[in-house]
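Structures given as structure tokens follow.
Look for chain A in each of the two complexes below; its partner is chain B in the first and chain C in the second.
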Partner chain A sequence: MPYAETRISERVRERRWRAEQIAPYLFVAPFVILFLIFGAYPLAKSFLLSLYITNGPRDVVFVGLDNFRYMFSDPNFWKAVRNTAVFTFWSIVLQIPAGLGLALLLNSPWMRGRNLFRLAFFSPNLVGGVFVGVLFSVLFVPQYGLINRGLHALFGIPLDTRWLADPALVMPALVMTSLWMSVGFHMVYILAGLQSIEKDLYEAALLDGANSWQQFWHVTLPGLRHVLIFLLLISTIGSFQLFELPWVMLGRGPGPDASGLTIVMYLYLNGYVAGDLGYASAVGWTLALGLLVVSLVQLRLTGAWKPRAS
Partner chain B sequence: MTLRLIRLILWVGIAVAAGIAMTPLVWLLAASLKAPEDLFSYTFFSPNPSLKNFVDLFTQVDFLRYFVNSVFVSCASVVIQLFFSSLAGYALAKYEFRGKYALTLLMLATMLIPGQVTLAPTYELLYHLGWIDTYWALLVPGAVSVFGIFLFRQAILSVPTELIHAARVDGASEFGIYWQIVMPTVRPMVGAFVLIAFMGQWNSFLWPQIVLHSAERFTLPIALTQMVGIYQQQYGMLMAGTLLSILPVIILFLLLQKEFVAGLTSGAVKG
Partner chain C sequence: MSKFPYGNSALAMLGLAAASGAYLTLNRPSKAKPTLRLWTFAKTHGEAYQQAVPAFVKAHPGVSVEVQIVAGEAVTSRLQAAFWADLDVPDLVEVEISWAGSFFRGPLESIGFLDLTERIHQSGLWERVVQARFAPYTSRGRIFGIPHDVHPVMLAYRRDLVERLGIDVEQLRTWDDFIEVGRRITQPGKRYMIELPDTESSRFEALLFQRDGGYFDEQGQCIMDNEIAVETMKMYVPMVAGRSRIASDLGGGQIFTRAVEDGYFLFLITPDWRSRTIEQDVPRVAGRMALMPLPAVAPGKRRTTTWGGTMIGITRRCQNPDLAWELIMHLYFNREDLAQRFRDTNILPPARDLWDHPAYYEKRPYWSHQPLGALYAKLAPDVPFQYTSPYISLAKAKMSEALIGCVRYYNTYGERGFDGYVRKQLEQSAEEVRRAIRRNPYL
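Up next, the complex of A and B:
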């Protein structure tokens, strides 16, 4: 009798053990299958496609590196690169410091109504790019639009300032809109970073006679390093992929004198509106490689792959 | 004395900035409730509110259909992503298996590739599958979110392993442990991920715009951008449509606010 019992429990244990071995593979299987079909295969295919000119999925002609040659000689492509770079620069330079400033103030215990303020700054982030675009295309209307009225009353700018029709003003309008949309996102991340800094560090600094500026420089900023580097990378990636905001604000197009043409808009116009998926793939690969290089340079400059200095 | 003065000035500054940040959304609400001809007559709220814009929206345009489409696609997408992402996150957090490290690296690598690279071949693939102009094209390629996998991995790491062992001794199946023990324990992360995934699908524009061709399948972002072209002069109706398009996300956010902030930040702070 006891012998039979151990045999049964051993068999059960054996089966359990096998289930435990197999389960993780089953659990990650959906990811692996989808990655193979919609990740690895398209990635390889898009590399091949970038060597072809296509006219819809049926009509395909091999052209070697001609797509890339054409792209690099197309002034519109360079215009798109320049616009994207300018937008990325201003996004980073304005949004991260503004988010940092807001987070520092809204983390102070003396600040009354902190939670309400946080909500006010964060809520624009919930609105999708398309909806922001529709809303701001009306806010930027000349003569009657709220933005011109407000800026006219405060700073006396002309009421008929045509933000979205003047090539010189399109980029400032996009940068302003994006600042409104994204500053709360940076603020929320930096707030969480601030709350994870150990309080002892401040006490130690205080004992050493550090003033608030020295505390900020030697305790707060080093403590936020990881969050700030993360935000730098995230906003670079996001800015490089800018599409919806200018597309909608400029009436489904690149805007006057292509002043709102971005790399992704260029890809969309050439690939899907003109129907050349091969060319779209070439632009896509160029975008991905450009983004990789810029991210690596940023990581290098911020020293993110060195161990944390303590 | 001076410290109090500085604080007062800073507080006023923040209050003004917060007011400016809220202005576009307040104006949007006010604009939707104005009679179309009053839109630019009053800066904000009109003394004679009107629902004409909303009436126009549902009679001149098939707004209800687009709204229902968006709700359907977003909810379906959330359920699918939640299930597959949390399952994979559980595997990474609580099992040891061969290839786990390589798999984790692979997942991280996929996050660095911008989606635009694979846009064209994915479109071609869906064309051959006959999925263009169907919701399969929106739901299947994005059925597993790598970002979600890492969120759940992070959250499930803190579930006590003894709890899982005890359930195993009691004869629970591996899937049963995931479903009955792990998921209820990481409920806050479920809330956070529901909002993140919902927002992602609800606001998504480029991909749906490429794969959906028939107007009766359009989601709100596509429908609204088309309306901007057609009803250029009816700002009031467009504003009412924009307001109704952002309302569901705002309501969901207010419901899931606490979980959302925790989930949004957990990766960045520890990473």
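Up next, the complex of A and C:
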């Protein structure tokens, strides 16, 4: 082979080799660039901001960890944490079992109009928190509201019960509203999980003499394990991010005695009303880390995550 | 025709993106910007300004003014974000009284509004306007807003029912008189003397201002636990709590309409703006409602207070502050326009020299033919000062918490130990506010 030709083919090979080396980086580059701009940079910036007292982005005073120290000594922060935790607890305790119940009902072979019910139960989730908040703030009106009228007729509860003005009743009202909004979402996931459980397992259980409860306990629930763990995690994360529902229902504020104050509302009030983005960043980071810990604990308790043995 | 390699869905999305991109490119919004852009949160204000703008534009050839109505608290959050980002900042903005303080948190030179102190003094507005109304828009001695209103407060009442019950409103001179009659005529669950909430502090703070109390003093120091606040709490809570309560609250909207129609409340704390709301929300009681001055704390003391308010400010980004100032003068101090606006909204303008217009003396059939404007104007010069702070929202929230705590205590223990409990609650609330203030490196 002439020398020149050998040189050309080597060059082509080298170019191809380089292109092959670069190609994967080019493929991932759009994501990496966008992630760096819209993900990593804001994260790093917000962490830095959390070390400052700010008045908008220009007036900043370095305070080190003082924002965190102040936050942990602020009774309002702990009130927000307590309210959010209570809401999360009741949301999970009510929404997942209610979603499971509905899904079992709709999965029954004798159930007719399954698609219609599925749509009906899921639709509150489609309209969003603001719409649901407005709707329920009308339903909860004392004296003339539908909920008080219904409860009065059924249980004799006073007509002037003030769901959204009595600090003791704000959280039950929020939990009820959230239940109505989210139960269909859980139901759809669980229904999909139910339909993926092998029918053979039920037949085998039946042959072994298992009754309905035993089939549910030993076949259905284990079959739904992954779906339920997923729902547990996203319910927890979603509940910890609660904002628009109480914001709308309580007239754009934390409600009486701050009984509807959530962590995200606390963050918003400090960041956008008080104007301290640094403090709001500290709250945001604390929320993110808190959620991470709660999620890991949940994964550990449900056995979905086991730390690697040393 | 060869198939698109990524499928028909991707092809459809691509086509849609190309079509919408082409549409947007071909239909670019006009680049012509108005000379002045004004944001307001109140629809009634916006509509009135839109009517007033043509006359201003006619007097200023080549000038254009755009009035934008930005909903509720969105004004505050959007404006705050606009100030920070230095983008989309309007030239003039109306801000609600409880939110104004939040803009005064940083160093004076960083406040997004122009300092109007000199203009106010040079133009004579300082003498014309009820001076108490500048206080909520003042920070560290500098004034950043022109008051839109005075909002003096009266008591609206169901005249027909009050007369039937044999109550002589002329005799309700002090709160003690009022409470005494209230205890006589209140029937729990059926009829209450007055509408007062026990879970939020808007009406409580009006009564606090009546006594020259407040959240902050002129220097921005938190005073919400002083003796005036203690005395106000000790008067207010027994009205809304305990066995001898004379007040209730059901909220707004339809329920409020029904409650007034049914005679559930007899008296309502009513600033001028609310008198219009009542006319609109409860039209069926027209001719059966009337107004009276607020009972005084003691004989001969102030018979009014204030509730609510709005300021207009010129932003630092405004390219033409002189023109913006002229627009404010046109919108806020035009005699004839304001008289008509009063007829539409019942809101008394803040300049005293405007109150002699016949519009303010017109008798209103809804209010039993009382001259609504004259009644409010008579009380307006006496409205109390209310000073603000960047921490006003926190202070209001803490006051509400203190109120709720005191109501709970009173419902359980009554008068026993109540004085000490009130003091402790207010001190705790005030200390939380002071703690937040101490962290601010700019004040």
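Rule of thumb we're sticking to: the second predicted complex is superposed on the first by the 275 of 310 C-alpha atoms of A that agree within 3 Å, B and C clash if a C-alpha of one lies under 4 Å from a C-alpha of the other, contacts with A are read in each partner's own complex, and residues count from 1 in each chain.
By definition in this document, a residue touches a chain if its C-beta (ideal position, glycine included) is under 8 Å from a C-beta of that chain, and two chains touch if they have at least 3 such contacts.
The structure displayed is predicted, hence computed values, not measured ones.
After superposition onto chain A, partners chain B and chain C are found to clash with each other. By the document's definition of touching, both partners, chain B and chain C, reach A:Tyr144. Looking at the shared chain after the overlay, A:Ala280 reaches chain B, while chain C stays out of its contact range.
In the superposed model, A:Arg252 lies in contact with both chain B and chain C. Using the contact criterion defined above for the overlaid structures, shared-chain residue A:Tyr70 touches chain C, although it does not reach chain B. By the touch criterion defined above, A:Tyr272 lies against chain B and chain C together after alignment on the C-alpha atoms of chain A. In the superposition on chain A, A:Ala204 makes contact with neither chain B nor chain C.
Residue by residue along chain A, chain B and chain C are tallied for touches, and B comes out ahead. Touch criterion not met for A:Leu221: it reaches neither chain B nor chain C.
Contact with neither chain B nor chain C is seen for A:Val293 once the two complexes are overlaid on the shared chain.
In the superposition on chain A, contact is made by A:Asn55 with chain C only, not with chain B. Contacts of chain A with chain B, set against its contacts with chain C after fitting on chain A, overlap at residues 57, 138, 141, 143-144, 252, 272.
If you check the complex, the residues on chain A that touch chain C are 53, 55-59, 61, 66, 70, 74-76, 138, 141-145, 160, 162, 164-167, 252-254, 256-258, 269, 272-276.
Considering their complex, residues 7, 10-11, 14-15, 17-19, 21-25, 27-28, 31, 39-40, 43, 84, 87-88, 90-92, 95, 97, 100, 103, 106-107, 110, 112-125, 127-128, 140-141, 143-144, 146, 149, 168, 173-175, 178, 199, 202-206, 210, 221, 224-225, 228-229, 235, 238-239, 241-242, 245-246, 249-250, 253, 261, 264-265, 268-269, 271 of chain B touch chain A. Chain contact summary for the complex, chain C toward chain A: residues 72-73, 76-77, 80-81, 83-85, 99, 102, 105-107, 110, 189, 197, 199-200, 248-251, 253-255, 258-259, 390-391, 393-394, 397, 400-401, 404-405, 432, 439-442.
Residues 16, 19-21, 23-25, 27-28, 30-32, 34-35, 37-39, 41-43, 45-46, 49, 57, 102, 105-106, 110-113, 116-117, 120-121, 123-124, 126-131, 133-139, 141, 143-144, 146, 149, 180, 183-184, 188-189, 191-193, 196, 226-227, 230-231, 237, 240-241, 243-244, 247-248, 251-252, 264, 267-268, 271-272, 277-278, 280-281, 283-285, 287-288, 291-292, 295 of chain A are the ones touching chain B in the complex.
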